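In the part that follows, the structures are each spelled out as structure tokens.
Each of the next two complexes has subunit A plus one other chain: subunit B in the first, subunit C in the second.
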Partner chain A sequence: MKRFFGAVAVLLFGVVLWGVATGYAERGAPSELAMRYLAEVPADLGAANVVTGILITYRGFDTLGEVAVLFMVAATVGLLLGGESRGTSAASRPASRPPSELVSNGAEVVLPVIFLFGTYVIVNGHLSAGGGFQGGAVVASAVGLMVLARPSAVLDHGFLSIAESLAGVLYVATGILGLILAGGFLDSRFLPPGVFGAFVSAGAIPLISALLGIKVGAELSVIIDRFRS
Partner chain B sequence: MGLPISHVLLVTGLLLMLVGLWGVFAHRNILRIIIGFSILNTGIHIVMVATGYVTDGTAPIIDKALPVGEAVRSAVDPIPAALVVTAIVIGFSVTAVMLSYAVRLHQARKTLSIDAFTESKW
Partner chain C sequence: MLAELFILVICASILVSGILAVSLRGLMAAMISAGLASLFAAVSYVLLAAPDVAMAEAAIGAGLSTLVFLYAIRKTNAGKE
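Up next is the complex of A and B:
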């Protein structure tokens, strides 16, 4: 009976979405706002990647809120999974199967490359596809692989939380610097735009990107590690 | 030349949404319900990206292949991409919270079946 109602609900959603699919026509030109962004991000901010320019400067406040959400989730997961179960779990649980040879050897080969790639994605966010969030997620996926390959490895939560808080504080401080020296909160134009397309360019965007990368990487690593215990 | 690429993407995303919804409604195991939510989430992201496509557009990254003046005419809409980056992070966060609740529920009842949790049922 429950399945029947579920099927009816999915069917009704299907009817609605069918209307969306048949009524959709590919656009011939970006919207007016998008055109403004496409023209202004390279000219005004000096960033080659328009998406990063939007995320970090024009919608910077949104990104700050997103970072706050991530912080709250790390705190929630810590609250739900940390605490009393941590002490008893290691001793009472039967010894788990060691990771397979494929995982452990693969991790040794691939891990440094993933970390390097994550760093590359973080610091090249203003030039090509990437940015703080994406690179941070890549770094955290490497941490996830490490946790799988070496179940006995212990992550230093103190170091991670200090790195994460410091990056957060510096991120907000950069935002306030933008308020004082440039047009507004999280305005990245208080540093010179530099040569377009060069590694050190686009004002404070690479700096903010790196801070976001550190913060997101540390936070996601802590969340992944919480699920282990 | 047949179907436009963004239409294929849009229909794929909508189908994934339906698959995810069915997963949420049909399964009684909490982990499977969470997987359903994840699939629903992914479908919505794909739909959002698809709606940002502009005919013959390319990635909104300025380089040799896409000079500054050209960008306004031949780049896709960057706004859905920027929104989806946000949405992916929020989706990850929601999944992490759901999974941690699932762990706690399993600790409380030693089962992951949603039928075992009847207290808040009306």
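Up next is the complex of A and C:
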């Protein structure tokens, strides 16, 4: 019976995907909407990276939703896994196998570079590929490597929580500032666009990007640490 | 032509590592394989000129979720069969 339902599910997926696969045609040129964005975003927002401009300004509310989902995940993980490990220090943890020499030595070389790259991705979101979300994830993966290389390391959850909450509050405050001073919620144009392509340019996009990076990085780091302990 | 071939090879690698992730017996190996599928997906995004998405996929899909799953496997002792 279980097998039968499995086969039916696979068949249904097959029917759906068959329609998608046969109806697929490669796009020769960008769609009308894409052309509009490509033409208008650099002039309108002053951001060289169109993707970040769209994500942070035009679709800023969606990004806020993503961050809210991530916050709920972090809160749930903390609720489910946080209780039992409270009060246990690094010394009372069950002794696990020490990391291999390759991991611990490699991490010492690579870690600063990954942290630097994550910060670069965050603050250069309006100029090159990346942005707050991606940079925060890169920073958090560096934290993951750090806890792999040093199992005895203790993350300061209090500091991370404060940084994360502060970044979240400031992010929403920036959004409201856009509502008051510019066109709408999370509109980045309340700061001057500056010189196109310069480091300090594109209105409030770098500011929002940095706040997002701090928030995402802190949240994901806390999630990893909860799973570790 | 060469670039298209490369993209096809990468996509085939996604499929192969995805199938391996489902069919491998050891949970550890299966999880590494799933992470590999994410990594190949990230490479294909770069080749298809979407570096922003590739960065998120590589950091979250290949890095963080694999790490979280590995910790979970270790906690449940299912890795030692």
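As a convention for this text, the second predicted complex is superposed on the first by the 209 of 229 C-alpha atoms of A that agree within 3 Å, B and C clash if a C-alpha of one lies under 4 Å from a C-alpha of the other, contacts with A are read in each partner's own complex, and residues count from 1 in each chain.
Assume a contact is a pair of C-beta atoms (placed from the backbone, for glycine too) under 8 Å apart; a residue touches a chain by one contact, two chains touch by 3 or more.
Owing to the predicted nature of the structure, the values given are computational and were not obtained by experimental measurement.
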{"item": "Which of subunit B and subunit C A:Glu66 touches, first, second, both or neither", "value": "first"}
{"item": "First (subunit B), second (subunit C), both or neither touched by A:Gly28", "value": "first"}
{"item": "Of subunit B and subunit C, the chain that contacts the larger number of subunit A residues", "value": "B"}
{"item": "Touching partner for A:Val20 - first (subunit B), second (subunit C), both, neither", "value": "first"}
{"item": "Which of subunit B and subunit C A:Leu80 touches, first, second, both or neither", "value": "first"}
{"item": "Subunit B versus subunit C as contact partner of A:Glu101, first or second or both or neither", "value": "neither"}
{"item": "Partner chain(s) touched by A:Ala129 [first = subunit B, second = subunit C, both, neither]", "value": "both"}
{"item": "Subunit B versus subunit C as contact partner of A:Ile54, first or second or both or neither", "value": "first"}
{"item": "Which of subunit B and subunit C A:Ala9 touches, first, second, both or neither", "value": "first"}
{"item": "First, second, both or neither for A:Phe227, with subunit B first and subunit C second", "value": "both"}
{"item": "Footprint overlap on subunit A, comparing subunit B with subunit C", "value": "49, 51, 129, 131, 133-134, 137, 220, 223, 227"}
{"item": "Interface residues, subunit A side, partner subunit B - complex", "value": "2-3, 5-7, 9-10, 13-14, 17, 20-21, 24, 26-31, 33-35, 37-39, 42-43, 48-51, 54-55, 59, 62-63, 66, 69-70, 73, 76-77, 80-81, 85, 127-129, 131, 133-134, 137, 196-197, 216, 220, 223, 226-227"}
{"item": "Subunit A residues touching subunit C - in the complex, by the definition given at the top", "value": "49, 51-52, 121, 129-131, 133-134, 137-138, 140-141, 144, 148, 220, 223-224, 227-228"}
{"item": "Touching residues on subunit C, where the partner in the complex is subunit A", "value": "51-52, 55-56, 59-60, 63-64, 67-68, 71-72, 75"}
{"item": "Contact set on subunit B toward subunit A in their complex", "value": "4, 6-7, 10-11, 14, 17-18, 21-22, 25-26, 51, 53-55, 57, 59-63, 68, 71-73, 75-79, 81-82, 85-86, 88-90, 92-93, 96-97, 99-101, 103-104, 107"}
